[in-house]
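Chain IDs A, B, C and D follow the sequence of writing; residue 1 opens each chain.
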Amino acid sequence: MSLHVDDLLAGRSPFRAGTYRLLQYAVLLVGLAAMATMTMPALQPATRAWLEVCLWAALGFFAAELVAKCWPRTSDDGAPNYLFTGPGLIDALAVLPIPFALLAGVPADTAWLLASLWLLKLAAVVPGLSLLGRVIALEARPLGSVLVIFLIVLLLGSVALYVAERAAQAERFGSLPQSLWWAVTTLTTTGYGDAVPITFAGRLIAGIVMICGLGVFGLWTGILATGFAAEHRRRDFVRNWNLVRRVPFLRDLDPAAVIELTRMLRRIDLAERTVVVRRGRPGDCMYFIAAGEVEVQVEPQPVRLGAGAFFGEISLLEGGPRTATVVTTAPSTLLILEVSDFRAFTALHPDLAQAVEQEAASRAGAGQTTLATGTAGLADNRADK
Amino acid sequence: MSLHVDDLLAGRSPFRAGTYRLLQYAVLLVGLAAMATMTMPALQPATRAWLEVCLWAALGFFAAELVAKCWPRTSDDGAPNYLFTGPGLIDALAVLPIPFALLAGVPADTAWLLASLWLLKLAAVVPGLSLLGRVIALEARPLGSVLVIFLIVLLLGSVALYVAERAAQAERFGSLPQSLWWAVTTLTTTGYGDAVPITFAGRLIAGIVMICGLGVFGLWTGILATGFAAEHRRRDFVRNWNLVRRVPFLRDLDPAAVIELTRMLRRIDLAERTVVVRRGRPGDCMYFIAAGEVEVQVEPQPVRLGAGAFFGEISLLEGGPRTATVVTTAPSTLLILEVSDFRAFTALHPDLAQAVEQEAASRAGAGQTTLATGTAGLADNRADK
Amino acid sequence: MSLHVDDLLAGRSPFRAGTYRLLQYAVLLVGLAAMATMTMPALQPATRAWLEVCLWAALGFFAAELVAKCWPRTSDDGAPNYLFTGPGLIDALAVLPIPFALLAGVPADTAWLLASLWLLKLAAVVPGLSLLGRVIALEARPLGSVLVIFLIVLLLGSVALYVAERAAQAERFGSLPQSLWWAVTTLTTTGYGDAVPITFAGRLIAGIVMICGLGVFGLWTGILATGFAAEHRRRDFVRNWNLVRRVPFLRDLDPAAVIELTRMLRRIDLAERTVVVRRGRPGDCMYFIAAGEVEVQVEPQPVRLGAGAFFGEISLLEGGPRTATVVTTAPSTLLILEVSDFRAFTALHPDLAQAVEQEAASRAGAGQTTLATGTAGLADNRADK
Amino acid sequence: MSLHVDDLLAGRSPFRAGTYRLLQYAVLLVGLAAMATMTMPALQPATRAWLEVCLWAALGFFAAELVAKCWPRTSDDGAPNYLFTGPGLIDALAVLPIPFALLAGVPADTAWLLASLWLLKLAAVVPGLSLLGRVIALEARPLGSVLVIFLIVLLLGSVALYVAERAAQAERFGSLPQSLWWAVTTLTTTGYGDAVPITFAGRLIAGIVMICGLGVFGLWTGILATGFAAEHRRRDFVRNWNLVRRVPFLRDLDPAAVIELTRMLRRIDLAERTVVVRRGRPGDCMYFIAAGEVEVQVEPQPVRLGAGAFFGEISLLEGGPRTATVVTTAPSTLLILEVSDFRAFTALHPDLAQAVEQEAASRAGAGQTTLATGTAGLADNRADK
């Protein structure tokens, strides 16, 4: 059997990476659903048996994946063993604790709860967690400051409320830890309502704590959100920069202009056979193809554009609706330049506008009138929307 | 009867678009109110019959609208049939499901709940939904990251709380799905209070989940809010750009200055007979008329200014209160230039200030002293506020 | 009796404006407290009588104020009557409705609730409300979009939950209006907990509604907060610009630099006898006096600086702690230039740094070594903190 | 016994500052935990005695610390006594009130609650509180505006709800203060659910109050968060500026470039033996050493770099993975320049790129090929990630 695990994992053959990824998600979903159902009271023994089969199957799948990924390769490129990288650790964490817990005599019900660690596998897929970690590392000081403010408000608020309410509601505010619980639910504006002040002084204190809560909350969320946004922008800049360098046309602008343009461009990843622009719709951006291929559906026969080409500029230059429908023929990465940015950019750097116009004209001159985004004839019935 | 549906829909004659729009809103409101009232228990049969009449009337209105809009036009301009555009789909969704559900034997009470889809018609009016869709498409990666973080915190938090509380509160935290419900209400800071931890460990975990909830919440709202704001700014830029090109005066500045100015200007749409500036009030902005007409109420007789003109510059140039009241005489679109932006802009680009001053002077020289925003005499009693 | 109401209101004599303002606040506070206490059940008749006296006294005070302000002045400057300005309207709203309600036969308990309108008088003092109105006017489109999204999520969510829960909890979700109430409390993350879904489908829907709620909430708050911040910045720019023009030293920089500086400066209003800088503390900003006077406490005798002067520059130029304590001797308005801005600014515009240094040197040369912020001797023992 | 308190406090000898700081935290934690436990009902007398011992010990520790810090020094440098500085006041507040309360006859249980003031000692450590104070001072006007809006919505909302609900729920909305309590919990979106409107009018009002609450909340948090972020940025600028001046290499750029660079650099404080970059990982930033020392782990023997040096530039210049692992050998402060900023900066200021390249080349020429971040040989097997 010639099925090669390495190829499988890299998504080259015989299945596509997308298929494998979907299989992973399906196993993850089934496994977690089985784990959650296991905890329901009064299960039929048969159902229970089936759930256990699901769980063992999912565990087996993840174990096989881990073994395949750790298997020593022939080309020793000096990279550390997979087990000791971040994703490897997460994969190991998904597989190993459960059998160990079962062997150690933990009841099956409790041991299988460790399957919740499987969800961490998602963290390796999305860039979110590493970004968040970075934001927390860089904004450690302001976040730490806010945490201290939070703790101070929490403790002073709960002491004050304890003093105010302990006589009136001994069963709810009879000790400081109980009052602290109230303060946490109130400061985070969760407000369960299981412990509520009833005296006048208590309610006054509670009102102040709530308003402080809004402030603390605002600081906390504001710092995280701005840090996260800044990190995403940085990461996008680097990615876009690498993509811009693949478009010959943009690469040759002067460096300051490239920087500015890199900040303006927005990347979009599209699957195969996705409609990018539709004929007759108003056009408010142009596209550069960083990777993949698109088909411009013009008469007499469609034209294909590959990486490095651009399309959609007619609507920008002349302000009309889209003159042709463009569809991706392969998974593609496009860079979008919005009309607002295009105008702002070309006002300061007339080169790009000229280059776009020349390119469009040269295409037309070479008998490739249909290349850009439509026929010359269709470009005429444009209307200012 | 010569009433033309096309004209009616386009708002040309015999009613104004505003009237038709108001009628739509009224039908929508009555329809939705009738639907909500239908679900009340113990209705009188007579009331019920009346409500059904309202509902059928509203449905008929929307059906007639849909038919009128889909009716084939003589001028086949290659545009797709209305039914297959976004608004067409929404209109069809408002009309078709209810009769189908009734035919399929769904009880009337339940079938009429589909009338809630009528509200989607509002989405075609405001730019919000398409903007939001675009923001979600462009920010899919960070939003996806946050969603994964949310899911991880949700699952780990609920497993931990399930372990901590299952013994103490079997009826509330007896299974993982119940614990998940608690985690959702807590992470979103909704905090119904129907399931509340009572053990020490459970409360500690709950506190951590709440604080994580604030973070996740902050990321989620931060990404959406900044993306939404950026999209709005882009869209406004394009709109303002198109308006600036209608003001000869601004169009002729150098391109970089036009870009900068386009970013500064803010558009305001005013109804007929709205007071734009009032005599004697402090003036902190000047206005360019992009469309419509205004009347400057000066002695001996009011002066009218049309599209392309500007007014309100005297307060900006000389720092006094408004010297005349200005009222719109038709629905108008004005571009506002704030004093802060005016000063910042003219410091860097003295042309605009010169041009404004020249224009004002030339008006004065041509005996049109009253044109700008008041008489020269009134301009003297200005006071620095 | 020569007490002049006009002078009193303008705060010139015989009391200071601050005193009059405090009196207003006190009357407001007493009035509102009396109104709140009036609604308490089981009041003693005597207490009740006293409260009524308070309320009538406060009403009388506000009525007297209104009459005094509306009283026709000798100098008719063409300004509209006070009654028809914004603050005048608010003042009238505070005084007139209560007697009319009492005359119309409304019970006293209910009529006095109109005293809550007195609080609107605060709105005339702080710039918040007019700013907020402006933000809402300018951001009407995005806010409207979000409102429509909110309404759509609200209605669809409550219909879905009504279908899911009406069988299980007929008393709580038995009609669409009840379900709408649940949706409002959930979408705003208030979460009273009086109506909580209990079925699996209901909880799933509720979870989705909560997460949508976070998004809608984020958009709403994001738009308001950014708009409010931008308006405040604009208003501050205009105020600072007017103040900068009073400092001869700053006014003479080239226009682009003045714009940039105006954006950097932050205004602070200080009462009399406030310590601005304290000797020995690290210094991270310098001050320009826009209005008022300060006293630099140096040996052998303190030096006074008036409007147009600056101080605190030694710490910025040489990086040491403050060399003298500076105290205001009159209510003063200072413009603060932070060290970060000072360095960024002087790197690009060396004129300011030179001018500051020259001024400092010329002061020193004229034997006024003590003017800047301390003696030359004290400036030596600085340490880099 | 030669143990010198001054040295101990300054962390010079015989323990390290870190150890002393940890001891402080431990005492704080134990003290606060003991205080919280003291309030639990039904404590054993023995437990109680032990808790009191803990509390007295913590109090003694803080008292000793206070005395040590206030002890007159030989070098009278004109600085004010420690007691009258901010941290001194906090230290005094931690120590003095408890014995005074006990002497004044306050029961021990209540007196020890004052131990919650110990937490304020944390405020002296993190920069948060002073920053927050500054933000509140600078943003006093907008915050005040929002507070007034909050108060107006609060009062009008609670009056309206009182009118709507007083008949239906006399026990919950029977007086205005009760209604105010409801309004506070609702406006802050806490939503305890102890007082919930049940009439139609009441619920309508409540819905409006909630939506207003979101707006007020958004303004409040938006102002605080943006102000806090701006202050942090300012403070970081000053700190980074001071660090940049220690790197000879950066100090010599032209002033405008230094300003720009100072804004881009991000500071990170690392403990001893922390891995900064790891061989084989993708590299997305370079590092300047502001203080401390690092070890570049290359063959044949590791190289040490001190303050003023830089490393990690090979990945930036040539785009490959890290060619060597770098570990700190002492507590170090590094300045991070991200690849996005590096590219943006060098496009506008080619000097830095040149200087970095020259420095790297000169190192290589001097036979120090291993200095930068790895051997020349390793730099070849880079791959574009």
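By our rule, a residue touches a chain if its C-beta (ideal position, glycine included) is under 8 Å from a C-beta of that chain, and two chains touch if they have at least 3 such contacts.
Since the model is a prediction, treat every value here as computed from it, not as a measurement.
Both chain A and chain D derive from one sequence, and where they touch, under half of the residue numbers involved are common to the two copies. Interface repeat of C-D: among A-D, B-D or A-C, over half of the contact pairs recur, by residue number, only in A-D.
For this pair, chain B with chain D, the centres built from the Cα atoms lie 39 Å apart. Chain geometry summary: the mean Cα position of chain A and that of chain B are 27 Å apart. Multi-chain contact residues of chain B (touching two or more other chains): 177, 189-193, 217, 221-222, 226. Taken together, the chain A residues at the contact with chain D in this complex read 77-80, 137-138, 141-142, 144-146, 148-149, 151-152, 155-156, 159, 162-163, 170, 174-177, 180, 186, 189-193, 196, 200, 203, 206-207, 210-211, 213-215, 217-219, 221-223, 226, 234, 237-238, 241-242, 255-256, 258-259. Here chain A touches chain C in the complex through residues 189-193, going by the rule given at the top. Taken in their complex, chain B has these residues touching chain C: 32, 35-36, 38-41, 110, 113, 116, 119-120, 122-123, 125-129, 131-132, 150, 177, 181, 184-185, 188-194, 217, 220-222, 224-226, 228-229, 232, 266, 268, 279-280, 284, 338-341, 343-344, 346-348, 381, 384.
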